[in-house]
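One chain, chain A, links the two complexes that follow: it is found with chain B in the first and with chain C in the second.
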Partner chain A sequence: MSKSIALLCIQATDEGRTIAEAIREDNEGVVITNKPAMIQIEREGRIVVNAETVSEALGRDWEPEELQLVLISTGGQIDETDDEFIVYWNN
Partner chain B sequence: MELNIASIEIEPKRHTFGHIAERFGEDRPASRYEEAIYDGQATENFHYRPQWEPEFEIYDVRRTKIVMSDWYKLLDPRKFHYMSYVSTRAKDNSTSEQNFEFIEKRGLVSKITQANKNKIYKYLTSLRHYEYGANLNNLTIVSRGYGTALDSASLFYATDSLGMAQHITKIILLVSDNDVSKLDEGKNDWLNDSMWQGLRKALEDILIIKDPIELLIAQNVIFDGMVLPLLINNFAKEMADNGEITIGMLTEFITSWQEETVKWLDSIVKVMAEESVENKSLLEQWSSKYMSIIYDALEEPSKYSLNAEEILSSLRNDLILRLNKNCLLNI
Partner chain C sequence: MSVEPRKKRLNKKDAYKYMTRLGWDPTYQKEEDVYPYLKMEGIKVHDWEAWEDPFRMTMDSYWKLQAEKDKKLYSIIDAFAQNNGQKNITDARYVNALKIFLTAVTPLEHKVVSGFTNVARAFKGEGASIACQMQAIDELRHYQTQVHTISHYNKYFDGFHDYRTIHDRLWYLSVPKSFGDDASTAGPFEFMVSIGFAFEFVLTSLLFVPFMSGAAYNGDMATVTFGFSAQSDESRHMTLGLQAVKFILEQDADNVPIVQEWMEKWLWRGYRLLSIVSMMMDYMLPNSPTSWKEAVELYIEQNGVALFKDLEKYGIKMPEDMIKTIRAEKEHLSHQLWKTFYVHSTAEAIHTWLPDENKMNWLSEKYPNTFDKYYRPVFDEYKKHADKGERYYSETLPCLCQTCQVPLVFTDIEGGKPNVFTHYQNEYNGERFHFCSPGCQDIFEKQPEKFVQAWLPPHQIFQGNCGGATIPEVLKWYKIEHGVDNMDYVGSPDEVMWNKFKNN
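This part shows the complex of A and B:
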């Protein structure tokens, strides 16, 4: 049985786009769709937002809690630490 | 009546400007930084050559000996364009403002001993003029350098240098309870006190360098890489050892500014060094040339400490190590 799709929707702002690019780097096979004013990010099982990758992409220190500033919606359970923000399904 | 609210998705015809898409090889959304930086400078159809330098076009890659296949490789890891730069500096300033307020509110300035105050006036005030020189030098890099990537970041550096001078002014006025004569004395010291003449000469000598990258190495990488750690960071440390911790708080803006800015410098110097062996050896030559100049010039101003020589040579080693590790330069 295939796993459910973890979902992350973020605003299509300059920062949001950069975060999406960082997510693409860390999550093989992720599907990123540009919707009007929104970026939809889907992947089977889990999506990891890695603070280090995002910081490098943005050129400044970025913390996972800042994801809330561009976050529209999530699909899945959430694990948040100082280093990463994970959306996943446990099935 | 039934009302149907349907949403339609409108695919934009273009995701970014044509010249940016051409650079990417595909039409995808670009970041504000990329849109602000890439190919911002005119490259052709210059009608007239500048009268003051008819051997060059108005924007000309030949003004420096460094050769790059593409000057837009010199990207800024901080991604500074106008908005990101201004908002970062606003944040830095409000942190610094809080430090000043903390000290003012508690009347900590009145607790600074006269001996320490005199030391602050003597070693800090004249740096306003050094920073003004750094501002002029960076404006030269902007006017003679090639490509928006280098020019805009250098313009930010120039503005920051002016900001540093103003920041030092604020510190002196706070410590002296708004005694502006202290600023005049600092200028007089810069012009006449034998302690500053080595540094002043070194700085004034590089004001006339024509090669923008040589100037960038001299001023930003080597001079600032020695002067600020010595006369800001280590000076604050020395004051703290003498029981005066406020100077560390007041100069934190400058210290953290430099920590951030060397990321840009290291990254572009590395890109230039990787481009060719010739570039690398030029960068190494310039670095070691200006390193020995600034080392001699700082001998006198480092005497606020009893281990002046030790501090100076350890700062030089740190800088050489940094250039070796981050920029691949062997000097």
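This part shows the complex of A and C:
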């Protein structure tokens, strides 16, 4: 049986777009859809936002908690560490 | 371009622990006197330390992030106001969706400020208490951003002038009002399941995301901004709600059936609360990015079902019947509600109108099984009357469901008769009560002493408690100016003002 689909929606700002591209790099099979003012990110099981990848993409230090500045909605449970922000289902 | 390696610091888990675990067990007062509300709902907690906040927010990160969000938000709202952003919305009809949203939701945001403050005081664990206190301040933030938005639109459009009075008195606004009253009068654990979990986790996206995308599609920058900015706080709220539920379920097996019952009550109440969003999405946005049906498929059928699969390991059962009903109703709900609002437009603080040909073709496309068969003919009939100068206005008010307070407009969809009205009835202590569904009837039966106290606007009008026996007297009591705030968009002062805007 396939896993549930984790969902992450972020604002379609300059920073949001860059973060979405970093997510695309690290998450094989991720589906990214552009909606009005919003970037919708879906993937089976889990989506991992890696602080190092995002920092590299932005050209500055970026902490996982900064995701909150562009976050709109999530579908899944959340785990935030010093290095990653993860949205996942456990089923 | 290379970046400096990220600095090492005290890890987040430990930093959070040192800054938040500052509580103690009371020694010279009894614990049940210091925390008097913890046992009354039958919920058993053995170890509050098991409550984890995945965001691990401390005050320094809270202020930093919230200040950043507010700076951005108010810059945009200022720019919107300075540049007369309201002139760039697709059409003034759109603003009526905003009138509903802001008069329904703004007072609820305010209500949950005290709701979360109360719960923060009631809970013993610091993790839980701090997250609830932060949520209370977030809700105060949301309330204020929405009042600022009301303030801007009130300068140009009717229906915004007294959101507090109409929220307390109007028939369609008693749906959100009664939802908030029900939650606020529950114990702390039920409050967490009702607002923190059912509303904030399961249903919030169904309310905010399509509506805010709709606002973006229709040029309403102010609403997109406060909506999405509030949503970033919502991710913390959603997490708090889910965490609360997981915590309660893990603490004791005896909690499972209590939580199951609360989940079913509040998911059903929440779904009925959001039914008005269906008509806002399908009928009130000149440009509709998503249909209600599509939103239900993503946020309930995909996300909601995934969530319940996760909760199965705790002993929670997916409310199959409820999901079945939601799926059955998804192709009918918006149409049934819009035609109700269309005919009762005299007693509303919004304008309504007939869908034009473009909109009806969009509806045919999005609802291939239902729109042309059941609902286009209804609007065609209303158009015949309107074209003759006899735009139809009902002279009565609908009977409401005793529990959810939505008008009894529902039909026997699951019985295969979507064009036959149906409702449910109970007798209790010699009085008859009416319900829209088995879901609402069930809720009443479990707490009859609570729901017999419901203040139902149409019933109150007929009992003489709403300013008088005539429509003009009631409208005056509602603080609705007849011919200004109500009735069809065509011929309204909003329309006159809008045409002036666009021609200058």
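Heads up, the rule we're going with is that the second predicted complex is superposed on the first by the 91 of 91 C-alpha atoms of A that agree within 3 Å, B and C clash if a C-alpha of one lies under 4 Å from a C-alpha of the other, contacts with A are read in each partner's own complex, and residues count from 1 in each chain.
Methods note: a contact is a pair of C-beta atoms (placed from the backbone, for glycine too) under 8 Å apart; a residue touches a chain by one contact, two chains touch by 3 or more.
Small disclaimer: the values here were computed from a predicted structure and weren't measured.
In the model built by aligning both structures on chain A, chain B clashes with chain C.
Once the two complexes are laid over each other on the shared chain, residue contacts for A:T18 go to chain B alone; chain C is not touched. Of the two partner chains placed by superposition, only chain C is touched by A:D61; chain B is not.
Looking at the shared chain after the overlay, A:P36 reaches both chain B and chain C. Here chain B and chain C are compared by how many residues of chain A each touches, and C touches more. Touch criterion met: A:L7 reaches chain C, while chain B stays clear of it. Residue contacts after overlaying the shared chain place A:L71 against chain C, while chain B stays out of touching range. By the touch criterion defined above, A:I47 reaches neither chain B nor chain C. By the touch criterion defined above, A:W89 lies against chain C but remains apart from chain B after alignment on the C-alpha atoms of chain A.
Overlaying the two complexes on chain A leaves one chain C stretch of 278-286, 404-412, 440-448 or 458-466 clashing with chain B, which is 278-286. Common to the chain B and chain C interfaces on chain A are residues 35-36, 56, 59-60.
On the side of chain A, the complex with chain B involves touching residues 12, 14, 17-18, 34-36, 56, 58-60. The part of chain B that touches chain A in the complex is made up of residues 9-10, 29, 31-33, 76-80, 84, 88.
Of all residues in chain C, only 1, 3-4, 6-7, 11-13, 54-56, 61, 65, 68-69, 204-205, 208-209, 212-214, 216-217, 224, 228, 231-232, 234-236, 238-239, 242, 289, 299, 302-303, 305-307, 309-310, 312-313 touch chain A in the complex they form. Residues of chain A that touch chain C in their complex: 4-5, 7, 9, 11, 35-38, 51-52, 55-56, 59-61, 65-66, 68-82, 89-91.
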